[in-house]
Amino acid sequence: MKFSVVVFPGSNSDYDAFYATSRVLGEDAALVWHKDTDLQGADVVILPGGFAHGDYLRTGAIARFSPIMSAVKAFADRGGPVLGICNGFQVLLEAGLLPGAMVRNDRIKFVSRVVAVRVEQTDTPFTVACASKQVLNLPIAHGEGNYYADPAELAELEANRQVVFRYSSAAGEVSSAHNPNGSLNSIAGICNRQRNVVGLMPHPERASEAALGSADGLVVLASAVKSLASLSFSRN
Amino acid sequence: MAPVVIDTAVLERHGIKPDEYDRILQLMGREPNLLELGLFSVMWSEHCSYKSSRVHLKTLPTAGPRVVQGPGENAGAVDIGDGLCVVFKIESHNHPSFIEPYQGAATGVGGIIRDIFTMGARPIALLNALRFGSLDTALARRIFEGVVAGVGGYGNSIGIPTVGGEIVFDEIYAGNPLVNVLCLGISRIDGIVKGAAKGAGNPVFYVGAKTGRDGIHGATMASAEFDEKSAEKRPAVQVGDPFMEKLLMEACLEVMKTGAVLGIQDMGAAGLSCATSEMGSRGGLGMSIDVMHVPQRETGMTPYEIMLSESQERMLLVVEKGREHEVEAVFDKWDLHAVQVGEVTEGSRLKIHERGVLVADVPNRALTDEAPVYRRPMQEPSWQKAVQKLSLSDLGSAPPAQSAFDRLVAVPTIASKRWAYRQYDHSVGTNTIAQPGMSAAVVRVKETKRGLAVSVDGNGRFCYLDPHRGAMLAVAEAARNVACAGGEPIGGTNNLNFGNPERPEIMWQLGEAVRGIGDACRALGIPITGGNVSLYNETEGQAIFPTPVLGVVGLLDDASKTTTRIFKRSGAVVVMLGDNLGEIGGSEYLATLHGKVLGVPPALDLAREASLQKLIVGLIRDGAVESAHDCSEGGLAVALAECTFDSGGIGVTADIALCGDKPFLSAEAPGAKVEGLSGDWRTNATLFGESASRILVSASDEKLPAVIAAAKAAGIPAIVIGKTGGDRIRVTVDGKAAIDSLVADAEKAWATAIEQKMTGRAPL
Amino acid sequence: MRARVYVTLKPSVFDPQGRVVADALVTLGYQDVKDVRQGKFFEVELDGADAATANLSADLSAEAQRAQVEALRAKVETRVTEMADKLLANPVIESYRVEVLP
Amino acid sequence: MRARVYVTLKPSVFDPQGRVVADALVTLGYQDVKDVRQGKFFEVELDGADAATANLSADLSAEAQRAQVEALRAKVETRVTEMADKLLANPVIESYRVEVLP
């Protein structure tokens, strides 16, 4: 199966996602330039972390106009699994593929550390291999990961079980003490209504080998492989 | 260019001394015009020419079996096997960071990254060594806050992890903070590209940000002392653009793979002047450019401004004639537009044109190799001997060990730097094996089993008390930290931060420090492959402590074998390798508890240090030890506590033998005897003295005999001092209770001290 | 011709930067600071628009000239509003205001 | 009472963000965008100042009232200018403008 990782100017975790899917997971992977219009036969699309266009203006704001984004949109509309990690999540928000927006971390500063994240939903292509309420140790590294949606939107997200990951304690309890950036409802990641597009701020690809301190993130990428068997969508 | 009378005022504005001007006249064979004078001014500045330090730097050991590239290029390179080399260098941005902390630090990071990818290497790690005034002052807090944000702002965006560093707080740096940044990259040995012009007739390309009027005379500013007037002559500070640099980095690495690039150099200090003259003189050729082709951000720029601008994120390339389109195509892909600005020429002259009219014509070696070299007078400071005298009876009574310990773990220089490094992305790139907070950073080398351990260290207090020994100690500490992660030291880089070299005492400090670095590097087998010199670090005539910062890179054949300072489990035996001599001269203990910087720094036996490092590297490789930690600031007691921090609360019980009462009588430090070392003083010297060449390890009962045997074979004392376990740090000295703290309490004080100073409140 | 686009977070969205600035001001001794909101603005310079004005001014009555300028301003305003809608502001969290400079 | 502080990079200082926004606008088809400079602003709300105005208005002539308000505005302006100097703007690379809101 094939992961296509989109490279925006300023992406900096593109190769990390490529490495984790190809070298660690052993699947096919390709880096796709943002000016291309073809996803190279992707089974799964990853929008990686980084600072697309410097994150000048707003995170993800300029990247959503890249030519490749029409293909990503079409792929998502057909039910193809799309994962946005960190900056990739921000791009998905700006592109309207996921609801809500990001504002500056509540304590302003860039936050780089390992956090515990609780898996809330296991019926998305990126969590099917997780146990319900499984807690993953994943690095975060962002200045704007403070998730916002207006009250009605937020209520809808919760009602539709679209909150996929929440910041938690190591034991899995969710509270403001374990919320690193002020995200509403401790949201670390969400999915769209169709559940095939997922975005999260933590970096599963950076936690895919024990040598790096945690291999907890691999289950997110492995989920995609597992889910693909049961998913049916057209690639073109 | 309009003729300008070059009078003393003009020369002064350009920082050119009368005898230097005579030399210019001689080299030129005529009077220079203003543009030419500008070129000499920036190229002969201390920052670019190393005119005061060069004679000393020449004495450093630079050769070794692994050295691929020594000093003289944009960065040094050392062979790490498999056809690969590690490319690294350290660079300072002290003065700009004082004027504008965020941008000063950010552009410092940008500058050193360019030095690395210019060589054809992909940067994979950043470290920094920072010095600030006391965090009890608003000024130091503001500078610290800005510098940390700037370091993070640039590195995070470009996606190179900041994996380690060190931060020291001392009022001596209040008006002159230090920001030294080390970058390290990986390249194939045969992929190294140099900053030399090749082949007359080959086109010269400019790529990157447009040239503006920023930082004109920045290089000369970095070489001038601060005084009240400098507030007025503040040059425009450059604003870093990490996004542009990211594009440049990716594009340059891609374009170098085509083989069409024959030479490349970044435009840093002295901008286009430096890049054109250095590339020409390194290649033994000339260069001819027309400033009309240089992309400009502002209108009406003169050739003088264009040549001297220090706009960031720009590169100059020599391209093989006929292959221009290959280069242009790569840059176009990245939305960067490379433009030809000139060509390589026969001869050795730098010719600058403005719309075809020749406006400057200088032999390029006159700007580079033939810059003045000074053998400046050196004189040991009159106060040097006095500050080496340490009489404890003058300091009153010693505090109880427990209260000294409580103070020390929370003093910002010793406390956890997590407030800072949590603002640095240290996991991007998926190579980081030992994160910030460990003794050395460890990154793996993808596609191999290898790893690189890196550490930056320096102790200004030691160097103030004895620059020669202090510099040796800095080398030893950096190498020891690397060894404690399992890395065999293979190369070093250094940043010399000193005051005004025109003062003989400062020059003496510099000369002594360089001699110390050389002595230690020769003994430890560490070639110096590059570095940086930052002089005139003074405010209102007050120089900083002489502060050489050493960056040492070590190689692990198997990155998975690395270890950290942290105790891994209860029930392990704790062993001290080395001697506990109780040397408190220049210690953090004396500074924090008694407000004194006095005495001689700890003695250093280089042969023993080398054996110790070999020993620890072997023990780690063989899996004989579970943790390893160097003893430095705060001594044995603080080092023991640090082994318990981040372990999840694993405590330790240890008994330490009282140090001797004449520990200062080593042959190397005659006259350094401390008077009054008895009672509490002796207990505190035992616990908080900073004797060199000591490592704390933990090992299983089964491995203990092997550890002892290996130490014996190496001629290093190995003393079992205690056992891990429980939830307290309990230390006795000769059986007498000295320290007894809950790990959780000590760790909280240590982990949150800086955050509390910065926010004025207890952290969440 | 130049226009400014002022972008602010909607009142319902918490503004952490404003909060931090307000706290810092209070710490500095400005106890009467009740609240700070931080926004950003873009000064957009458009080509050609000036030239258009210049061209017209010669052979028209003052009134007609004014009308022309007004029409031009209106055009610029529409255009810049479009830019704000599309790119400069994120409608989920931000609101904006366009001001054409004289 | 409220005041706004507009902060911009000095004209001589390069504004990378503005350049990227300008490039993005051109790519989006706004070919006539020549330049964009990005700035920020702070809306500072001060306590007490309003109360002061309210107190005075009752038993004073319209003119005296106006004078009082003017004095208050002047005071706010001085105070906020001080804040801008000290904290809101970085004098090395930025310049600022203070506007007291009615």
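By written order: A, B, C and D. Residues from 1 in each chain.
The definition used in the following text is that a residue touches a chain if its C-beta (ideal position, glycine included) is under 8 Å from a C-beta of that chain, and two chains touch if they have at least 3 such contacts.
Because the structure is a prediction, the values reported are computed rather than measured.
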Pair joined by more contacting C-beta pairs (A-B or B-D): A-B
Inter-centroid spacing, chain C versus chain B (mean Cα positions, whole Å): 45
Cα-centroid distance, chain A relative to chain B, in whole angstrom: 36
Where chain B and chain D are represented by their mean Cα positions, the distance between them in whole Å: 41
Where chain A and chain C are represented by their mean Cα positions, the distance between them in whole Å: 34
Where chain A touches two or more other chains, by residue: 53-54, 56-57, 62, 65
Residues of chain D whose C-beta touches two or more other chains: 16, 20-21, 24, 28, 38
Residue list for chain B, restricted to those that touch at least two other chains: 241, 243-244, 335
Contact graph of the chains (line, ring, star, complete, other): other
Interchain contacts (touch definition) - all pairs: A-B, A-C, A-D, B-D, C-D
Footprint of chain C on chain D - complex, ascending: 6, 8, 18, 21, 24-25, 28, 30, 32-49, 79, 83, 86-88
Residue ranges of chain A in contact with chain D within the complex: 53-54, 56-57, 62, 65
Contact footprint of chain A on chain B as seen in their complex: 149, 152-153, 156-159, 241-244, 246-247, 333-335, 421-430, 432-433, 435, 444, 446, 559-560, 764
List of chain D residues in touch with chain B within their complex: 9-10, 12-16, 20, 23, 90, 92-93
Contact set on chain A toward chain B in their complex: 9-10, 12-13, 15-16, 19-20, 33, 49-51, 53-56, 109-113, 139, 141, 143, 177, 203, 205-206, 208-209, 211-213
